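Structures are listed in the sections that come next.
Heads up, the next two complexes both have chain A, just with different partners, chain B and then chain C.
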Partner chain A sequence: MLLLPRGFSMSKSLSKRFLQLSVIHLLLTAACITAIFPVARVVSISFRNTDTVATSDAFNFPPRGEATFGDYVEFFSQAVIPYELFEVKETPDTTVTVVEEDPILVDPDDPFASLDELDAVDAPRKWYSNYTDLFTKHLFAQWIYNSLVISFSAAFIGVFLAATAAYAFARFSFPGKKLAGGFLFTTQMIPAPMMIIPVYLVVKSLNLGNTYAGLVLAMSVTTLPFSIMVLKGYFETVPKSLEDAARVDGCSPISAFFRILLPLSTPALAIAFLFSFTSAWTDFLLASTLIDDVELRPWTLGIMEFSGNFDARWGLFAAGSVVIAIPSMMLFLYSAKYVVSGLTLGGVKG
Partner chain B sequence: MDVQLEIKNLEKTYDKKVKVLKDINLQVDKEEFLVLVGPSGCGKSTLLRTIAGLESVTDGCIEIAGRDVTNAPPADRDIAMVFQDYALYPHMTVRENLAFGLKMRKTPKEQITAEINRAAKMLDIEHLLDRRPAQLSGGQRQRVAIGRAIVRRAKLFLFDEPLSNLDAKLRSQTRIELADLHQKIHATSVYVTHDQVEAMTLADRIVVLNGGDIQQIGSPMELYQTPGNKFVASFIGSPNMNFFDGALETKTDGRRVFSFAEGEFDFTNAPLPKNDGPCTLGLRPESIKVLAKKGREAEGPVDVKVKVALLEPHGHENHLVGLIESKQVIVRSANPHRLAVMNSSKKGDVLEASVDRSALHWFAADELGERLETVHPTLN
Partner chain C sequence: MEITVLPAISELLLLLLILAGILATGIGYIWLNYKIWKYPFYLPLTLLFGISLGGYTYANGASQLAAAFFGTIPFLIGLYFKRGLKGDFKSSTYFLAPAVIGVIFLFLYPLVFEFYLSFRDLSLRTFSDWITTGHVPLADNYGLSNYIEVFQNRATGQSFIFVLWRTIMWTAINLFFHLSVGLVLALLLNAKGVKGVAIYRTLLTLPWVIPQVIAVLVWRADFNESIGFINQFITVVNQLFSFEWSGNVIMPLTWIGFEPKAWFLDGSALFTAACIVNIWLGIPFMMINFLGALQSIPHSVYEAASIDGATWMQKFRHVTVPLLKPVMVPASILGAIWTFNNLNVIFLMTDGGRYEGADILVTDLFKQSFTYYRYGFAAAYSFVIFAILCILTVIQFRVTRPRHASTT
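Coming up: the complex of A and B.
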């Protein structure tokens, strides 16, 4: 009998707990949907024909008047699942005749030849056509290659410069050290668009306009302050006695830096590298200012070709976005193990 | 004997104002084991680091094996160093740690392997060679750190408090192994410690530093038996020496008496400073001998009555904290008869004690407290 009130109160607190949990999970679910929906939407669009995207009433949302729960479900599923891919086609594609084009129309030197070609040839659509079109009818492979070259070079150069600068900040005392550190930090406060014109002028005056090198230079420099901060903070946690030991063991200060300090700083190096890489990989502003040639464009510029005012090819645009996400995702997954490795543990007395 | 390390008029000033080392002159012979001791902050590590070349020299010069290395980088000095925090490279295995210094000096591969095996065998770390420092215990890391030094066969070995991070048992064990190792490889070594047991047991010679000044250089027994000044006397020996500030006077009847605030000693037949006047008497804890009831240990004049304040039994010996009036003194004895007297006493009891006249230390009354020469009364 004594147990009853306790059991009762327990079930009460249990139900309260259940309520709490439900609310939390509901909120979390909503947050997840909000986060995942755009991605799912892009993936779904990437499989669609550009026409169906453009004409979809998905853009007319929320529906006017009273919307039932069913409307919402329909809207979301329409948006995310490319139904039309599963529909049995009433008029098979075989009826479409490929129009033979006059080969003279395609000028190999014309940078927009690919576009003309797209207009001209209307091959039977497959569900993955957007993806194949990217590579066959556009310079997409070239743009990705450009972006990879630019981003990797910018990240490597940026991290190298940052590491050497951070080493000086962390280990040496020199006149004006405080001032220089503060100055580096304040440059972070200047909005990037304000720096565009000076950067353009500098790059131009170095005769590096419209080249990889100019873009790489500009990009690797813009992320320097952040990388220096991160690396300096990390270097300061690495015991100085390790470098002393290396010097006694026969290293010069520079080789001690490369053989001991850098290998021990992989977490910070990885963070600085990822930061530099992503900001170069996603940069639009610098590239649009400094690059003119189609062949030199990074994907950020190239992909804008699909979203012109009169001719928005959302299917291609989305497919391009998906393809672009792959290398950066792989890079993040790969470097995760470096970011979370307590490599300095155990070298000195803990 | 060849001189392996010579330091002349060495001065070190940090940031142009903090003078850490003042006019250090020092010679270390080949195969000698020299220990630097001194209180915390006296500049031991700084001296060691200037020898290693990790710290620049403000003035003076350093020669290793007859070569002036004052401005040479550490890599060119052919030295090996063991750091207080071990400083093992965390991203390398033990084997790579040991090999690193040899590789940097472009030693042939076979020789590296041979050296590593020799060191690993000597230090009993063969089974640890493929581990990383994080996978080792403190004592094992310690051995690896020593191993990294001995594979190099350097001209000079520098140790900066290598045992201070070990627990007491491991420390004394490693101390013995270090002594053993030194007997085997005869490496010229400079060893920094603030543990005087380490200093006394390992050293051929000890250098006592204080405030950047060398106080005294000598063998462990020299320092213990004839400390050059009050600082050395108080620093060497545990428990600490008892000091009595007072004055020597010659009474009208010819007796020579040392009187201090809480009492006096009649030292008529003891070796004493020639002149009367203010001075400081130093008595090692074992020179104050508690008198037993009978036997040889009961003999001797009753110089002083000590009131028991605290007894610290250590098993093989006792430390007794006592009061002469209000002055605190420490008495030590390992003699079983005296131990029996001590052990049967209680707090507040008064014990009779005699002062060993052959072990009196006299120091000038000034701040430096330099040792005073004594003369034996019979020689007069």
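Coming up: the complex of A and C.
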């Protein structure tokens, strides 16, 4: 609530100001609700034991005339609050007669076939079952591990390439410098699928399809222009006299770069690393074209598999999303500020 | 399930091996160049080196294009050393070498290869032939048939002009809402006396910091026509705002199209849904940008304006907008390019292109290459898209530059 000023009186300007402020807060709150809503949805779905996004199979809202205010409130709260957490379920009847079923034909290509069998002979589900299923019945831990390995190596290679190139751009003049800068700017305009087709074909023809090596190499150059721009801007702010002093003391240019400049520019390196890391961490396009094996998938492909059109498992999808989203959102929130400033900086400088 | 660690480690070792090989070759070649570039037979030697490298790649089953490319590159580098590097550029060359090698292998060569493919007939029919022998037949009409087909024969059954029009609509609608809503939110956050800006800002940036895959897929779940939240929400809200008029139930919101839809089966509804999702995703970026710019405007400027008797509207028009322009112009250009190239949202909303009716140029391109396997056609298509993008960027620069210069 708004705190009223100390000498508050219902004078005309003050009440107008109060009205203004409350309208602003109302609008901002509405915007916040819109922004949070899908996040709240995903959390609430993750605790539901059904494979659908709805609370019940049939949508039964009381018809016109019968619906009370409470019904409307219940409708909205059911969408975002996982009531399963609070309701005490009756213990299921343990003396269920086992029905003899016809043996289901197992499709050998279906990655979920063996897991479906596991599902059939299972203990009663708890409110956290979606989360435990992710790690016990699916390869989710493997997928996260894969993503970490891919993203870290892509970011390391990308930042290394960018740092050395940015140093050359910031400190030395060489013929063709302007041309190279313009080339870097135009690369940002190239549509992603335009590069994916030839990169896919080149990687396939080098026999690097379905390996991390091909994927990491292809990813490491995608963020190169951004990283070079950020690092170049930062290197230019570091005084050249520091390196000159080191050079006078008998340091080679290469060791001056690695020993003097790189330790001084950790903030910019961190931004470039974070940007490369997050773009590799959330990439699914390159991975979906290059990676075939279930064991080699990054988490994005795994999550897309859960949300597939015909056998969607929204409960698993939501649980996986929550597991991934919490650390990534914290990381992104921390880095958002810097990355935004870096992006517009690149745009201004052209 | 247990995590298998070993395959990843061995893959990484392979990667390191490849990288070390590439780096050693590149730096070794540059070192060699520096050692001998004053030698009179320098250029013939690099030419010979290039020819033998190209011949080696060709003998190993690569295409003629790859052979020509890798045969020419050493010669070009030699030429650059001979003509360009007259002074002391030694250290800059070494520092540039890793990035240049990466760009040549993973950017320039694929680009050249794509240009070559755009005149060739590489499709599912000729793909296995290409994998085994490296031979791709020339497309009809002296290789130009791919470019002709872009405008005529398209497997998706949607004309090029129509998809282009939809892409322009997609860019315009998204950019308009991103800029306007982002600006309004930034102005609200920057208003005098608003408490809790930090909390609001953190919550409002959520759509931008949540991984895009997750956000779009959650929206897709909620747009599901039978179990999703959106249709239920629309039904309930319509019921809330309905009234009876001479025995008929009237829902005024349905008059403006606010009614439950089969979001994925109806093409225009799917496009609307994709627009809604992308608008939701893109607003925070603009908001953060504008908020940063607004906070950097000193208060004294507004005070001076109010002393001169400027109204709220005049202050916005003559103080805020001109001072925001240096941020607004690059942000809108960047936003336009990103939205034009935004494959993720529509790709995920249409379930990898399974639902028709919302394709923009880039998703259509992806579909042509990875659903219909028309690689040659897609290569030509992508160059057409790139040309359009270049033209649009030039127009945008022309439109925004002079005004920007006149106001400041």
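We take it that the second predicted complex is superposed on the first by the 265 of 350 C-alpha atoms of A that agree within 3 Å, B and C clash if a C-alpha of one lies under 4 Å from a C-alpha of the other, contacts with A are read in each partner's own complex, and residues count from 1 in each chain.
The definition used in the following text is that a contact is a pair of C-beta atoms (placed from the backbone, for glycine too) under 8 Å apart; a residue touches a chain by one contact, two chains touch by 3 or more.
This structure is a prediction, so every number in the text was calculated from the model and none was measured.
Touching more residues of chain A than its counterpart among chain B and chain C is C. Of the two partner chains placed by the overlay, only chain C lies in contact with A:295; chain B stays clear of it. Contacts of A:263 after superposition on the shared chain: chain B is touched, whereas chain C is not. After overlaying the two complexes on the shared chain, residue contacts for A:187 are found with chain C alone; chain B is out of touch. Legend: residue contacts after superposition of the two complexes on their common chain; A:244 is shown touching chain B, with no touch to chain C. In the superposition on chain A, contact is made by A:36 with chain C only, not with chain B.
Overlap of the chain B and chain C contact sets on chain A: residues 343-344, 347-348. Listing the residues of chain B that touch chain A in their complex gives 49, 52-54, 73-75, 79-81, 83-91, 100-101, 104-105, 132-136, 138, 141, 148, 152, 165.
The touching residues of chain A, when paired with chain B in their complex, are 239, 241-242, 244-252, 255, 260, 263-264, 343-349. Chain contact summary for the complex, chain C toward chain A: residues 1, 3-5, 7-8, 11-12, 14-15, 18-19, 62, 80, 84-85, 89, 91-100, 102-103, 105-107, 109-111, 113-114, 117, 131, 134, 185, 188-189, 191, 193-195, 200, 202-215, 217-222, 224, 226-229, 232-233, 235-236, 239-240, 242, 249, 280, 284-285, 288-289, 292, 326-327, 330-331, 333-334, 337, 340-341, 343-344, 347-348, 351-352, 354, 361-363, 365-366, 369-370, 375, 378-379, 382-383, 385-386, 389-390, 393.
Across the interface of their complex, chain C is touched by residues 2-3, 17, 20-21, 24-25, 27-28, 31-32, 34-36, 38-39, 41-42, 45, 52-54, 59, 61, 63-64, 67, 72, 75, 79, 135-139, 141-142, 145-146, 149, 153, 157, 160-162, 164-165, 167-168, 171-176, 187-199, 201-202, 204-205, 211-213, 216-218, 220-221, 224, 228, 253-254, 257, 281-282, 284-285, 288-289, 295-296, 300, 303-304, 307-309, 312, 314, 317-318, 321, 324-325, 328-329, 332-333, 336-337, 340-341, 343-344, 347-348 of chain A.
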